[in-house]
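For reference, the structures are reproduced in the following blocks.
Both of the next two complexes hold chain A, though its partner changes from chain B to chain C.
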Partner chain A sequence: MIGIGGQPLFILPFGDIVLYFTPFTLTLFIFALVFTVLVIISKPERQIDIVFGGDAYLAKEISISDMKFRRFMAIACGLASMGAMVTGDIFDFALFTSLVGICNVGIVAAVKSRHVQNAAYQYGLVAMSATVPLFAGAAIVAATTGTLSILQLALPGATKVPLLVKALLTLGVMGEGMAPFYAAKAEMFRAPGAPYVIMCSLSSLLIFLRVIEVVLTV
Partner chain B sequence: MWNEYSVGLALVMISAVIGFLALLREQDDLHRLLIIDLVEIPSLAIIALLGTDLAEALILPGLVVGIAELLALSQIYVTKEGLRKRPVRGLHIEVVEHAHAPVIIPALLVGYGIVLSGFTGGAVAALGAIFFVMSRGSTDSYELVEMASGIAWAAWIASFFVFMFFPQYWYAGVMGAAVGILVKVAAKMTLVGSMWGEAE
Partner chain C sequence: MIISRISRFISNFDNLLALFAGACAVLAVLFVLFLPLPYSEDQLYPKEIDESSPLYPYERGGTPFERADIHVQYPENSPFAGYVTAYLTPFSLALSRLTPHAGTTIVAHPGGILDEILYNTRGLDTVVETTILFIAFAIGSYLFRKGS
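And now, the complex of A and B:
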């Protein structure tokens, strides 16, 4: 298997579900791991609004339970991204990706602000409709080639996955990993809690990179 | 070219497109959520079109992910619209004599569910349990049921580890998984709607 991922360094066959690391996915996995550890140990920031033209500033008060929930969601998001990085099964990848989508919604939805919740709701709608092309793509891969294993599909003699199916998969991941693009909707990122919101962007970046590898390999 | 799979796929794709068109035209947030739930059904149908054992195994996680997203989004909707729990008094249905439903019906359902075992059995047994709880008007706390569900889930996972690491004990694995999934599905279905807690 010579793709952009390089030779697999480590293969763990777990029943018919195979986990493997290539230099490419290993890098992404380490990224996700480091950020998850950072989320676990770091203390959330206090957001401070400064009034222009004066000395006044005000610190926003965020309840502990709020922060606990967001930290839990960020850790879950990190775990889901790690899973999406190591899995060697296209359907598993689709599942982990939609899990990342749910966790991203959860990270921002805990903020008790109407604007933030509106943005999170709209993003959630996009993520939910993206599960249709995502799972459809994964299922049609199984239907056309008879296997879901990326390692099998990467073999030279394997049936190639139709281009349309690759497009469906990519479309699905685009919908699920939409969070950073909602940065245009600044409300979502105006939400306090620095390390947790970054997890949205990071996980989306990781699943984008991984789906590119998958689409180019199979 | 046009075998059964292609025809089915085309039909499902057309229905998905119709759903997305409806989504495009709809402006109300709640209705869009409902339409998206409708649109998710074609995605399950595409998986089901595989028509193999694998499809059966893949539909379940797909369904679970869809339900999880639906629950999360509806919770966000409730919070963002500031909806409160309204006290609902019992339905005003006139009955000649107020009496509990006979216990024999839920007992039969639960018994049949245990015979069936697995997912189907869990669903049938849960139907019996829900019928029992509803007809008795019970307002007990469900901590014990939640705990049973958790333990059953752990037993189910443990059985999978038996399959993977000790394949020679497959019979114990089958029994553990069957009982675990039975109790888990039954407990889950009874719990639907009761774990959200009280609205503030």
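And now, the complex of A and C:
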């Protein structure tokens, strides 16, 4: 297997869907794993607003049940990112990417801030419509090459995926949280509750790095 | 000047959906211009549609306890491919003999048709699909209960 990922170190077969760990995807996987563990063991921050020109400050109280739900969504998002990092199948990658998008909305679903909710709503609309180019890309990959396995598509003699289909896939992933559509996510971070909300940013970064590898490999 | 105007437009998240729609439209136009794309005749999951079969459209062939002819990408990963798709429970078998529409009730009766490709060789897809549904349901029910 040529490409930017390097040789697979380890292959985990689930029938036709083969997860492969190249040095590149393994690095991203470990990154997502470490952050998920941090989310599991850490306590959330307590956001404090300081009033300029005076010594007043406001501490934002967030209930335990809100935090539990946000942590659950952050862990689910971490698991989805891990899956998207190592999966060796285009359709499976599309599924994991859309799972990441839904989890991102879920992380901020409980925030009682109008601004954050508006941003999350806009992000949700873009993420939802992004599934159309994403899954269309995966479907056309299957139609033009006859297979969905990235390992098969990376073989030297394999049929190459047309450039426009790669663009479709990339546009689908961009809608799930790349610049410039990242702007809504950046507003979502204003929600209190780091490190859970940081998972939104991290998962975007990871799926962005992975889709580059996928597009350059197939 | 123009860059600051563009960045001001992009930084407002209310414009993002319009921006995304524009990007999709541009790509769609490009896509139509580059048609037709080549179709690969060598498909991994070929399917013949036999409308007279009672298991239509889920018929993938085979008789119970014998191996059906299933194409998979990695045969070494699915040593028992071909046994699942042929099996019907006695109830489903009777149903398929009574009515020509047993294939349309894939989830409506126990032990119906288990599509080999869907549930065995590409089982992880099915797991992730249901996970998406569960997560969406969890968010929806949480928001619903938050209001009360």
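Remarks
In this section, the second predicted complex is superposed on the first by the 208 of 218 C-alpha atoms of A that agree within 3 Å, B and C clash if a C-alpha of one lies under 4 Å from a C-alpha of the other, contacts with A are read in each partner's own complex, and residues count from 1 in each chain.
What we mean here is this: contacts are C-beta pairs under 8 Å (C-beta built on N, C-alpha and C of every residue); 3 or more make two chains touch, one makes a residue touch a chain.
Computed from a predicted model, the values in this text were never measured in an experiment.
Touch criterion not met for A:G177: it reaches neither chain B nor chain C.
One of chain B and chain C touches more residues of chain A, and that partner is C. By the touch criterion defined above, A:T159 reaches chain C but does not reach chain B.
By the touch criterion defined above, A:F135 reaches chain B but does not reach chain C. With both structures placed on the common chain, the touch criterion links A:L95 to chain B and to chain C.
Of the two partner chains, chain B is the only one touched by A:R114; chain C is not.
In the superposition on chain A, no contact is made by A:G78 with either chain B or chain C.
Using the contact criterion defined above for the overlaid structures, shared-chain residue A:A143 touches chain B and also reaches chain C. Using the contact criterion defined above for the overlaid structures, shared-chain residue A:G106 touches chain B and also reaches chain C. Shared contact residues of chain A, touching chain B in one structure and chain C in the other: 14-15, 91, 95, 98-99, 102, 105-106, 109, 118, 125, 129, 132, 140, 142-143, 148. Taken together, the chain A residues at the contact with chain B in this complex read 14-15, 91, 95, 98-99, 101-102, 105-106, 109, 112, 114, 117-118, 120-121, 124-125, 127-129, 131-132, 134-136, 138-140, 142-143, 148. Against chain C, in their complex, chain A makes its touches with residues 13-18, 69, 72-73, 76, 80, 83, 87, 89, 91-92, 95-96, 98-99, 102-103, 105-106, 109-110, 118-119, 122-123, 125-126, 129-130, 132-133, 140, 142-149, 152, 159, 162, 164-165, 167-168, 171, 174-175, 180-181, 183-184, 187. Those residues of chain B that touch chain A in the complex are listed here as 5, 9, 16, 20, 23, 29, 32-33, 36, 39-40, 42-44, 46-47, 49-50, 54-55, 58, 61-62, 65-66, 68-70, 72-73, 75-77, 79-80, 163-164.
Residues 10-14, 16-17, 19-21, 23-24, 27, 30-31, 34, 37-44, 72-74, 77-78, 120-125, 128-129, 131-132, 135-136, 138-139, 142-143, 146 of chain C are the ones touching chain A in the complex.
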